[in-house]
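Each chain gets a letter, A, B, C, D, E and F, in the order it is written, and its residues are counted from 1.
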Amino acid sequence: MNAISEHLVIAPIVVPLFAAAALLLFDERARVPRVTISLLSAFGTTAIAIMLLLRADAIPVGPGGAVAQVYPLGNWPAPFGIVLVLDRLSALMLVLTGVLACASLVFSLARWDRAGPYFHALFQLLLMGLNGAFLTGDLFNLFVFFELLLAASYGLLLHGTGLTRVRAGLQYIAVNLAASSLFLIGVSLIYGVTGTLNMADLAQRIPAIPDDNRMLLEAGAAILGIAFLVKAGMWPLGFWLPTAYAAATPPVASVFTIMTKVGIYVVLRLSLLLFGADAGASAHFGATWLLYGGIMTIVFGLIGVLAAQDTSRMIGFALLVSSGTLLAAVGFGARPVVGGALYYLVSSTLAIGAFFLLTELVERGRTAGADMLAVTMEAFGDGAEEVSEEEEEIGTATPATLAVLGLSFLACALLIAGLPPLSGFIAKFSLLTAMLNPANLANAGGSATAVSTWVLLVVIVLSGLATIIALTRAGMRTFWSPIERTVPRVRAIELLPVAALLLFCLTITVQAGPVMRFMQDTARSLELAHDGPRGILPPVERPAPPSTEAQP
Amino acid sequence: MMAAANLPPWAALLAALFLFVGALLSLIGSVGLLRFKTFYERVHAPTLGTTLGAGCILIASMIYFSVNETRWVIHELLITVFLTVTTPVSLMLLVRAADYRDHLEGQDVRQDAAGEKDASSSAG
Amino acid sequence: MPYDVLLVAIILLPLVGSFFAALMPANARNAEVWLAGTVALCCTGLIFSTYPAVASGEVLVLDVAWLPEFGLNFKLRMDGFAWMFSGLVTVIGFLVVLYARYYMSPKDPVPRFFSLLLAFMGAMLGVVLSGNLIQLVFFWELTSLLSFLLIGYWHHNAAARDGARMALTVTAIGGLCLLVGVLLIGHIVGSYDLDKVLAAGPVIKAHRLYLPVLILILLGAFTKSAQFPFHFWLPNAMAAPTPVSAYLHSATLVKLGVFLLARLWPAMAGTDAWFLIVVSVGVSTLLLGAYLAIFQQDLKGLLAYSTISHLGLITLLLGLGSPLAAVAAVFHIMNHATFKASLFMAAGIMDHETGTRDIRRLSGLYRFMPVTATLAMVAAAAMAGVPLLNGFLSKEMFFAETVENHVGTILDHALPYGATLAGVFSVAYSLRFIHGSFFGPPPTDLPRVPHEPPHWMRFPIELLVLACLIVGIIPGLTVAPFLDTAVRAILGPSTPVFNLAVWHGFTLPLLMSVIALVGGVVLYFILQGYLAKGIDGPPFSYLVKDRRFFDEIMVALSWRLARSLENVLGTQRLQPQLRLLVGTALVAAAIPLLQQGMGVWRPSRSAIDPVLAIVWGVGIACALGAAYQAKYHRLAALIMMGGAGLVTCITFVWLSAPDLALTQLLVEIVTTVLLLLGLRWLPKRLQGVDPDAREGSISPRRLRDFITAVMAGGGVALLAYAVMTRPSVDSIKQYFIDNAYTKGGGTNIVNVILVDFRGFDTFGEITVLGVVALTVYALLRRFRPAADSIEIPEQQRTQNRYDEAHPNRELGSTIAESLMVPSVIMRLLFPVIIVFAVFLLLRGHDQPGGGFVAGLTMAIAFILQYIGGGTRWVEARLRILPVRWIGLGLLIAGATGAAAWFFARPFLTSYAGYLDVPVIGKVPVASALAFDLGVFALVVGATVLILIALAHQSIRTHRAARAADADTVSSAKEAV
Amino acid sequence: MTPALKRVFPFPLLSVALFVMWLLLNQSVSPGHLVLGALAGLLAPLALKLLEPAPARIRHPLAIVRLGLRVLPDIIRSNIAVATIIIGLGRRNRRAGFVDIPLELTNANGLAVLACIITATPGTIWVNYNGVTGTLTIHVLDLVEEQEWIDMIKRRYEALLLEIFA
Amino acid sequence: MSMLILSLTILFAQLCLSIAMACSVVRLMRGPRAQDRVLGLDALYVNGTLLLLTFGIRSGTTLYFEAALVITVLGFVSTAAMAKFLMRGEVIE
Amino acid sequence: MELIIAIGIGTLTGSGVWLLLRPRTFQVIIGLSLISYAVNLFIFGMGRLRTGAPPILHNEVVDATARYVDPVPQALVLTAIVIGFAMTALFLVVLLASRGLTGTDHVDGREPRR
């Protein structure tokens, strides 16, 4: 614990914290220093996250798992103290959070950060909460970071207030408060039965749980799971999500995209760690429920995508589709599927994040009510069939802004619908092929495939179709609308983040091979995440012998 | 349950006596809260508990701990002081509130003795 | 150039060109054409340069790992068939570019056009050259997308929008089917590599998934190639600019379906299912398309249906499964591309020069544009299958194949008749195309005066017509080797010997051709009367309007159905959501308990304490009472909640948790004050007027909620009881008990856990508090009370009236009197409580207490002053900057944690020791205290901020109310 | 008290009280706690000073003790009286009512002490003090003779309080 | 013997106090007016404090003293706030 | 004793859930508060119940024979209390804002359609 780099693991939590504290000491009017602090923190955290990712990727995946670093807070050994655990998955989530956060933050500087007080402080604290949730190796500490990121998200959702936001915020908060209670019940129940809170320690203890305690453990895990699934937006627990996300200001909605992924992240990590193949009688606990819940979520999401009247709500439902897909993939459990799902997670998160930003720019030039009008026109016809002969067949030039917006819209739509040429297609393909050939493509040899796989396959494909239909509708009424529109006034710092996110997607498309290799390594390391020589727990017999060595 | 069982009899009995009186007084006060017919009568009842009732129990506690730990354990005095200072605040405010509320509903409080109606008590 | 580089160049050139085309200025028409033309020509050159290799049977391959984990390689693969197809794509692409130069108006935004066109060319080449099926799907979807954008090029035009959307929807559905089909092929074969798949034909055909795969692949192909019943999108796509139609809807895009059928022919064809499906779809499309083409009034519509028909013909040929049929199919792909592209261009010229494409309005154009007319006539003749033209050759081969017996079913036997009938139709519509527009009296009332187009606009047609003629007259010398190369790539060793000749002698096919020609002419002249009446479409076609039909289905499925399903499967109301949440949690927890038996019923581990039982009787009464009263008697509910809180707190004391009791109690107090502050802004609610009750029914919803609540309560109680009665497990607790003092430096184990062992939790928790305080503040800064709670409360108004009515009183003296004594005491308590807070802070590490408790105590000290003195009074005397307190608290706590770094220890590593101070002796020094100080500062700041922000609303709105009063008064005065 | 000392110890009685309180809270007279207690007595009153309380000049600190000795038996007596009433042993025709008492005491602190005494004593409760007329209204549980109450309060308590807070 | 008496007395006292709490809560539930409920809560707090003190004696530890002290020093804040609310319709003006 | 506490937890939860499902925001906030009491007790109970064994070391040495109550759940409850308090405050303010902006105290921000 000597090198500074050893402490880098905690930087994604501490840097935003100090930034937030510093921001609070500045006057609201001192904009320049506040923006500077905020940007420095966000970009710095992201840079650190990338370094951590590289570090995590350097650890070979072996029987001992692939934990890059365990950071014992307060220098207390696991499982007694709280530890941060850096591995591929947590590093990946950190980077994803950072990228999305930087984009949203830059975007917000154009106008949204001034829609209410303390935007930057709340934003930094959200970052802290997210990063903490991804890094922590302790179940109760996870609760704390969940609450932190939720609290910040409440603040950010309500940023700018107004009727819609407050109305949506009330729902969002009520549901999440109820879910937090479930979280506590679940965690404490698990503690009551196992006597530990450390995730790795739990994984070790679960196989040995006596049979007359096992049902309590599983009940606790189930309740805990419900709490996570609320965050992930699983049907029927995620109805609040489209409403809330549509109500939030665009940069907030964009950064919220990662929030559903927190739920999924935890479900993924815990279900593989605690209820993996080695969990004794509890192996694969809940996997089937995740699979079917995920399928239902996709179905509901795709219905919502079609039924949504405005674009932000539509994206909210697309987010549900993405959640459902990931949950089903986690429920599916096979390693290549999980790897594919991780790729999909990155791609869909970035795309939806970019889309939330973009939507506002696009809608800026439109008159209110145009959405509804376009739909009714489509539904009931607007006499378009009687195209007048004399109609001049000459196009109108698209202003550059609109062209860029249109292109970005197209890119987002392609990403979300899973159409080529961007990463959305790769992601969807990876998932589907992995589902069909869970062992390995080369020796697939027509192995039998479960009914649920077919259902999932159909549902995923249908969700893509629904997205295409809905986004075509949305895109056409936005960019090809016969209703006169003014060209929105868009600033470069608003377009830049969108472009950056899309560029990121392009990069992972072109670099699909190495990226997917990383994802597969991540998935493998999750499967192998048992305690080993490089593991999280110290190699001592429990209970630890009381040591008389004085604390420094 | 009793952590220390080595109290001299005089102390034990004395403590028991005070405890007995204090608890009984508090109970009587609360019974009064239940039995009295009007608010202005009821408001007198809890003071039994906050004054002598509490005082006796605190004395019992002081005796018990002082003897038990063979040193002066008198921080209970603080409770006595604070009870004396804080209870009146809420009671006085409450009486004033009742006064106004009766007034608002057109009851002349000063002559009123009985017959309070159950009006909607929710405010706000 | 090495072949792999060359292959990449073929794909990349158009894509790069597309990028640069998009960057050009809007009016750079010539530059665009130069760019696009050069790209097309270069590609053509590159493709032709591979001919020697390809012709010798070599397969040129570029294989780059892209997603090796899942068998997706970027693989380009040029064999004879791909060569032929890519050649077609680039050559016709070049001609279309040239044509478009003159077709597009100077006002059209050409960069978008040429950019899309080049991108489309690239995507087409990508499909054609794909050596990996997933990559093929990748480019396939791209062509769908680009065709959508090209059809919708004139998007201000509703027909273009609708046509584009329809095309996209249909082809995207097909594309997804294709993707699934290809995935299944991968599942069967174990690879997506085209070579491996083609080699695994027998495996695929024998697999139990063959039929689903076949259907999925065919869906992909049929939608793309506009086969019945998916044909309807193609006529609607005619709203595209004519160059687009000429390129996409004759030569390239729509050919992808049949390309795929041919490409996968070795792997999939030759089964009964293949024959049945492909042939029946092909023949239906062939006939339907041809029949409908006759009745079109739009030149391009006619050509579109004709294209459908010809694609049906090719499909049919591929469905037959015989090698010669495959040869005919490939041949017809080429022929159709040449004559149909030229006809589209001709139609475009007519449109361009006259301003209309309506056959009813066109007439006698031969006089105005004889050259164009001649070219169109030759091309139309090729389309009709007139001898000495290329169309005749492939049509003869087609007739010959239909006559052959393949599988001996009724369908097989009926084919010659169907083919002849289709021939009749095709002659009829070809005749109509020519006769209707070029012959007859001079046209009247045209938007423009027609004349010949510029020569270079006609040049592509001339070239294509020339090809029709040459191929038609000397096929053996011109097209035969190319055809052989292409076919060999599909059929491999089973490639038949075929003889391309104009004259085969008097054969059955020749008879069929003659019947078709004569019958077609006769049919046309019979129908002329009907057609002249000006009805668009065949008799009774108004009954089936495919586009309307499609739209309505789409709206019904994707909008109305979706909306009603959304309401069935979801809700936007909170109550059902919470009900579902509770219900789901109940079910989730119940399943393991029910599956594995409850194991709950064990005796209590300790005897029932009567005192605690009575206390809990009180608690239960409070809880139930609060639940009962919360609607109409909010204050009562609040009071009862306080009672329940007190009982909880006593329980904590009872069960050895003094810290919890302290904290619970303080939180309780602050929460009560908080809720009281909020109560003022809620609407008045009187019992008996229930806004939520429905008349005349005991709400089943309430019953359901009641059951849910009982079950939730029972469930949680059950779980709690089950765990509490079990023996305790080997827990991490012992470590804390053992080390709290020796390593944590404190005797209060809970506090040591909080600030040391698990200090990180506390760190997060105070941050939560800070965040919430900021949010509350931000929200309240924009707070706007409801109209009916803006008024000053009734009590205050009465008291103010009373004060104003009495001469010796002034406003506020009533309240001043009432608060006189309490506020004196409250003020006096201020320093006392502060000292108490400090006491709690300092002792926390060893005894119950700590930063949080102390902070709340401190906050209460402030609040008490606000209650006693009022906001203005306090703020005139005390200047509290709660946000700074929060920031400071975070900084202190964070800095304490970070200080450990300087000792090369992890974050939050604590230090505990003793400092020798003279006189006083050993003073305990622990970094945990500094941490607790941060907690303290933050808690004070946050709590005070929340409470005060809420309290401020009163004076804000009072101000507003008073201002409003003043306004009315002044306006009343003005009125007077 | 010199002005300088006055600035340091604006409320000497409070300072002493806080010092004692600190020691009682910590149940310790160790040097460390003596220092801390002194600090508490020194610093905390400054907080009160910010609130600008009504000036309280205590003339006769010893009178406070006398007052306490007078109040204590009263409270015990009242406790017994009220307890008998509650258990139903009191007089049948007990009458509760309000009593108006004209006061000479005007010092807010003095009134506060009086309020505490009256309210803490079972059977009587402070209802209102009219600052204009100087009239105190109390409510009495067992009102035998109005004047008796007036006299008792004025004689037993007000006189002493006037002595303490002049 | 004397310790037995003390134990029994403690139990008696606790029973008395818990019954006193029950009485207070009955008043709290029955009202009839809001001020009666607040009064009930106030009495409940006081009885609760005393119960904690007897519990301290019963378990022989002074660790619970602070809880009792906190109730006395700060518990009145909520009842005072409620009373002020009843009186003025607002807790803080 | 376990039975009493379990029944208490159950009643608090039941009352809280009932209120949570009610249509008025104030009912919901009271419900959430009751639930948080219940949850706190539940967490606490997970360390098993024990009277007179507070987790405070005497004489600054660990007495191996002394049996302390499990301190971990207590620490967890403390964190939960704080967070619960914060969330109650937030929810209150949001419900007030909603009431102000929508004019109703219905949880959906609009009166139900009749």
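Here is the rule we use: a residue touches a chain if its C-beta (ideal position, glycine included) is under 8 Å from a C-beta of that chain, and two chains touch if they have at least 3 such contacts.
These numbers were taken from a predicted model, which means no experiment stands behind them.
Here the chain-to-chain distance from chain C to chain D, counted in touching steps, is 1. The minimum number of touch steps linking chain C to chain F comes to 1.
The chains in contact with chain A as well as with chain F are C. Central chain assignment: A. Criterion: smallest distance from chain C-alpha mean to the mean of all protein C-alpha atoms. Chain centres computed from CA atoms place C at the largest separation from chain B. With centres set at the average Cα position, the gap from chain D to chain E is 23 Å.
Each chain gets one centre point, the mean of its Cα atoms, and the points for chain A and chain C are 15 Å apart.
With centres defined as mean CA coordinates, chain E is found 49 Å away from chain A.
We define each chain's centre as the mean of its Cα atoms; on that basis chain D and chain F are separated by 39 Å. Listed for chain E are residues 14, 17, 19, 21, 31, 34, 37-38, 40, 59-63, 69, 73, 75, 80, 84-87, 89, each touching two or more other chains.
Residue positions 572, 574, 578, 582, 633-636, 638, 647, 654, 658, 679-682, 685, 716, 719, 723, 728, 731-733, 736, 738, 742, 757-758, 761, 765, 768, 771-772, 775, 779, 782, 794-795, 799, 818, 821-822, 825, 828-829, 832, 836, 847-848 of chain C are each in touch with at least two other chains. Contacts with at least two other chains are made by residues 140, 144, 147, 151, 154, 158, 161, 166, 170-171, 174, 178, 185, 189, 191-192, 197, 546 of chain A.
Chain D makes touch with chain C in their complex at residues 14, 17-18, 21-22, 25-26, 30-32, 35-36, 40, 44-48, 50-54, 108-109, 111-112, 115-116, 126, 128-132. Across the interface of their complex, chain F is touched by residues 59-61, 63 of chain E.
The part of chain F that touches chain C in the complex is made up of residues 1-27, 29-31, 33-34, 37-38, 40-42, 44-58, 60-62, 68-72, 74-79, 81-90, 92-97, 99-108, 111-112, 114. Of all residues in chain E, those touching chain C in their complex are 11, 14-15, 17-19, 21-22, 25, 28-29, 31, 34, 37-38, 40-41, 44-45, 48, 51-52, 55, 63-64, 66-67, 69-71, 73-75, 77-78, 80-82, 84-93. Chain A meets chain F in the complex at residues 140, 143-144, 147, 151, 154, 158, 161-163, 166-167, 169-171, 173-174, 177-178, 180-181, 184-185, 187-189, 191-192, 197, 546.
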